[in-house]
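Right, one structure below, let's go through it.
Letters A, B, C, D, E and F mark the chains as written, and numbering starts fresh at 1 in each.
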Amino acid sequence: MFFITVDEEIRLQLVSETLAPRYLELLEESREYLSRWLPWTEFCNTEEGFRAFAKKSLHDYADGKSLTCAIEFQENVVGNISLNTIRHDLKMVEVGYWLGEPYQGSGIITRACRYLCHHAFNNLGMEKVQISAAEENLSSRAVCERLGMTLEGVISHREKVGDKVLSHAIYGLQRPEVVKQGLFRIS
Amino acid sequence: MFFITVDEEIRLQLVSETLAPRYLELLEESREYLSRWLPWTEFCNTEEGFRAFAKKSLHDYADGKSLTCAIEFQENVVGNISLNTIRHDLKMVEVGYWLGEPYQGSGIITRACRYLCHHAFNNLGMEKVQISAAEENLSSRAVCERLGMTLEGVISHREKVGDKVLSHAIYGLQRPEVVKQGLFRIS
Amino acid sequence: MFFITVDEEIRLQLVSETLAPRYLELLEESREYLSRWLPWTEFCNTEEGFRAFAKKSLHDYADGKSLTCAIEFQENVVGNISLNTIRHDLKMVEVGYWLGEPYQGSGIITRACRYLCHHAFNNLGMEKVQISAAEENLSSRAVCERLGMTLEGVISHREKVGDKVLSHAIYGLQRPEVVKQGLFRIS
Amino acid sequence: MFFITVDEEIRLQLVSETLAPRYLELLEESREYLSRWLPWTEFCNTEEGFRAFAKKSLHDYADGKSLTCAIEFQENVVGNISLNTIRHDLKMVEVGYWLGEPYQGSGIITRACRYLCHHAFNNLGMEKVQISAAEENLSSRAVCERLGMTLEGVISHREKVGDKVLSHAIYGLQRPEVVKQGLFRIS
Amino acid sequence: MFFITVDEEIRLQLVSETLAPRYLELLEESREYLSRWLPWTEFCNTEEGFRAFAKKSLHDYADGKSLTCAIEFQENVVGNISLNTIRHDLKMVEVGYWLGEPYQGSGIITRACRYLCHHAFNNLGMEKVQISAAEENLSSRAVCERLGMTLEGVISHREKVGDKVLSHAIYGLQRPEVVKQGLFRIS
Amino acid sequence: MFFITVDEEIRLQLVSETLAPRYLELLEESREYLSRWLPWTEFCNTEEGFRAFAKKSLHDYADGKSLTCAIEFQENVVGNISLNTIRHDLKMVEVGYWLGEPYQGSGIITRACRYLCHHAFNNLGMEKVQISAAEENLSSRAVCERLGMTLEGVISHREKVGDKVLSHAIYGLQRPEVVKQGLFRIS
C-alpha cells in the first residue's frame, strides 16, 4: 500500500504480504525461466512462502538491512527489486531483482535499478553499488552493462541453483565512475 | 520514503528512522501541549528515542500488528497517525494520533482518520474502529464526534501521563453505522 | 496445597497442577453454561490443558502479574477466581472468576470477590478494582452490583467467545467509593 | 499470603517477595551464625536480594522443581525450609533449611522437616528424602539423626562457603525405613 | 582429528561427529555389558544420537565445562573418557568413562584416567578428582582403587539405569594424598 | 592441548583460551605489520579479547562451521590459520591466516595452507578452496600463487581495515586443477 514513483510507467511498492498471490502468479507464469537463475524458486513457491518472504523482508527493512519492493509497470506488479545487505561500514550495497518473462524487453529492470542506484548514492551515502549475475545469465549481465557498471571478476562456487553450483560475474558501479561518466545526478 | 496519498494536501508516509529529527522538532515546538495527553513524551524525547520508536513500529508493521505513519500536510511532516493493535479475531482496530500544535484547526486529523477508517473497513475487513481519548481532551473527543463515532463509556484508571492517572472516553465506529449514515463508501 | 481462609465456608487455594482433574470435572459438569461466557473453554478442556494453565498462572504469580486461586466451598473446589493484570502504575487491578453451575446462588463469588477487593485495596495499594462482564451475562453483572461497583460503559468488540464477538460491561470500584459507602474496612 | 498448617505452633508460608524485609532482619540478627554454613549469605544480603530469591523460588515452584516456604513459629517468621531438586525420575528429594539463631532449640526444624518428609512420601510419591549437612555442622546433623535418617557418606569438596570448601555429611531416609521404624504414617 | 598422546599405546582424540559410526559399533558390540551401568545407552543408540552427543560435548568444551575424548588403543577407538562438570570454584572435577567389553583387562581405563588426573592437578589446578561408580560395578570400583582413590560413601538413589535406581560408590583422590603416596608427579 | 602434525617443524593446535597470552604477545610484537591487513586488530587486542575469540571459534567448530588452529613452528606458537565458513552446499571453503612478522619467510603459511587444502579436498569433500587477500597484500597473494591457485577477480569495497575500505583479490583452487597439476594427493 506504500509507494515510490520511478517514472510515468514504473512505481515501486514496499513489499507486503498482500502481494503474495500476485508473486505466486508471476512465478507460475515464468517458472522455467525464473528457476534457471533463482535458488529460492525451489523453496518459496506457495502463497504462504511468499507471505513469509514479505514478512522477513519487512523485518529486515525495519532493521535497515535491506529494502525490498514489488515493481509495478503500468499499474501491474511484474517483478521484484531489492537493495540487499546494505553495508554502511563499507558504503556498499548489492542490488537484486527478478522480472516475469512476459515483461522482459521494456527496460523495466534497468530503469528501476537506475532509480535505486540514485537512491543509494544520494540518500544512503553509498560509494559502490554491486550486482552479482550468474556467469551464464547474459540478460542480467546486459543490465549491468547498460547501467555503466564494471566487471570486477568471475568468482566460482558462489551459489547453488537446483543441482548446479554457479559462478558469479560481479559488477560494480562506483561513485567516481558515476560522476565522470555523468550517468545520473549525484549530490 | 514510501507514501499513501490521502487528498491534495495530505499524504501518509510509512514511519522511518529518517523522520526522527522532524519528530523531535515537532515535539519541542509543542511540548507543553503534547505532554498533557501523551504518556510517551516523558520517555521518547531524543532523536535516538524516535529512531527506536520508528524501528519498533516497522517491526510491528512487518508482523501485521500495527501501521504507523507520519502525516504530511502541504509537503511538511506535522504529526503521526497509526492503526494500533489490529485485532483480526475481534475485527477491531484502534486509531491513535498526535499533531503539532501549530497545525491544529485545519481538519488534518479528521481527514487522516477518515482515510484510515476507510482502509480498515474496506481493506482489513474490520467491523469496528475505536478511539480512546483522555476524558478531558476535548479537541480529541471533537475529532471522534466529527467522524460520527459513538461514545461507549468513560473508563477510569486507564493510562498514566506524568503523575496523573487518566480516564478514557472510548468511542466506537461500527460498520452498520457507517452504512446507515453513509459516512463513506464501504465495500 | 497453600490456602487463604475467606470465611467459615470459603477458602482460596493457590492454583496448582494437582487441581487439573477437578477443574476438568467442573468444566464437564457445566460445559454448556460455562462456554457461553468463557473463551478459554474452547481451547483448555483437558487435564493437560488445565495443568498448563496452572503452570502459566504460577509463573505469572511469581512475576507479580496476577494471582489465581481455586475457590473451595465447604472443602470442595467449585470454581476459580483471579486478580488479572495487576497494574501497579495505574493502581488498578481486574478481577475474573467462574463457578460451576450447581454452586450458583450461595453468594460464593460475591464473598470471594469482596475478599480479593479488600486484599487489593489494603495489601496491594490499589485505587480501583475493575470487573468486565459480558453485556448479556446478567448474573455476573449482578455480582458487580452487589459489590457496590459503578457501570462505567459498555464497550463493543472486546472478546470472542466461540463465534460471537461480545461487548463488555465494565464496572469499577474506586477507593473513595468504598470509604464513602463503608463497603468494607480499608486501611 | 498462602499457608500450610504443620501444628499448633508452626505454619509454612509459601515464599513471597513480601517476606524480604523479615528475611533480611533474620539474617542481620544471626549473620555470624548463619554465614558459617550458608554460601548464599555472601551474595543475598539485601531486601532486593531476598526479593530476587523469592521470585526465583516461585518460578521453580511453578515448574515443579522445588517448594520453598517461610517457617512461622507462633505467628512469627523465624526461618526457611525447602524441598530442593525434586527428582521424580529417582523418586528422591533433598530438604534444606535455616533458622534464626534465637529460635534454635525448640525443635522447629525437626517438626517442619518431618512434615515435609511426610508430604514427600505421601503426596509426591518419593522413595527417599536426603539432607546434606556440612560435616562440622553438628546441630544440623543432629536434626538428621532425630528424624531417623542414615548417614550414607561424607563427600569432600562439595560446597564453598566464604573461603572454605566444605565436605558434606549425606543423610538418607528411605521409605522402607520409615515403615519399619514407624516414624510416621505413610500411605 | 585432534590428539593427545598418553603413552605408546594410548591416544586421546577430542570428541568429534566423525566418531559417531565407531561409537555406535562399540555400543552394538557390547550392548548388554554397557547397558548395565550407563543410563544413556537407552537414549543414545544411533549414529545421529552420537553426533548430537559429540556436538553437545564440543560446545561444553568451548565453554570450559567439560572435556570429552575418544580413547584410542593401538590406533583403534575403544571407548570414551571425560572430565565432567569441571568446578573451578570447588577445585574439583569428576571423571567418567566407558570401554568396549573386548578391550577390558589391558589397564586402558586406568592409564587414561591417570593421565587425566595428572592433567587436572597440574594444568587445571584441581584439588580433587572424583569418580562415581555404581555400587555393584566392581570393575569400575577396581579402577578407582588401582588409582589410589578413597571411598567416601555409598549414596543411594543417585542414578536411573533402565528401570533400576542405582546407588553410587563415590571415590575421591585429593592432592595431598597424591603427594604423600607419590602416585604421580604434581607441580 | 589437542594437536595435528603437519610436518617435522609444524603442528596445528586446536584454538583454546590458554593460547590468549601468546596471541596477545604475537600481536604486540608485530602490531604495525598485522594491523595493515587484519580488521580485528582494532577490536581484539587484549587477553580477554583473545579468550572470547577462542571460545567463539570453538563453538563454531562444534557447529561444523569453521576450524581454527594456532600454528606451532618448532614448538613455538607463531600464528593462526583457519577454515572459515565451511559451505557444504557449495562444496567450498575459505582459508584465512596470519603470522607474526619475525616468522615470515620460512614457508610456514604455505605448508600449513597446503595441509588444510589437502584436508578440505580429502576429508571434507570440498571442490574449491578460496583465499581472499587484500589487493595490495603482496606477500599473501604470493602464498596463493605458490599454492597453484587462480586469480578469479579483484572485488572492490569488501572489507574495512582501520579507515580504509579494501579490495580483495580472490583466489581459487579447484579439485580438477589439483589433479591436473598434481599439486598433492587427492582421494
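Convention: contacts are C-beta pairs under 8 Å (C-beta built on N, C-alpha and C of every residue); 3 or more make two chains touch, one makes a residue touch a chain.
Please read all numbers here as calculations on a predicted model, not as lab measurements.
Common neighbours of subunit C and subunit F: there are none.
Taking each chain's centre as the mean of its CA atoms, C is the chain most distant from subunit F. Think of it this way: of D-E, A-F or A-B, only one pair shares over half of the C-D contact pairs by residue number, and it is A-B.
At the interface between subunit A and subunit B, over half of the residue numbers appear on both sides, which makes the contact a same-residue one. With centres set at the average Cα position, the gap from subunit B to subunit C is 34 Å.
The centroid of the Cα atoms in subunit E and the matching centroid in subunit F are 34 Å apart. Taking each chain's centre as the average of its CA atoms, subunit A and subunit D sit 65 Å apart.
Subunit C and subunit E have Cα centroids lying 56 Å from one another.
Of all residues in subunit A, none touches two or more other chains. Chain contact topology: the protein chains form a single closed ring, every chain touching exactly two others.
By the touch criterion the chains form one closed ring, and its order from subunit B via subunit C is B, C, D, E, F, A. Within the complex formed with subunit F, the residues of subunit E that make contact are 1-4, 14, 17, 55, 58-59, 61-64, 119, 123.
Listed in rising order, the residues of subunit E touching subunit D in the complex are 87, 89-92, 127-128, 130, 152-160, 165, 170, 172, 174.
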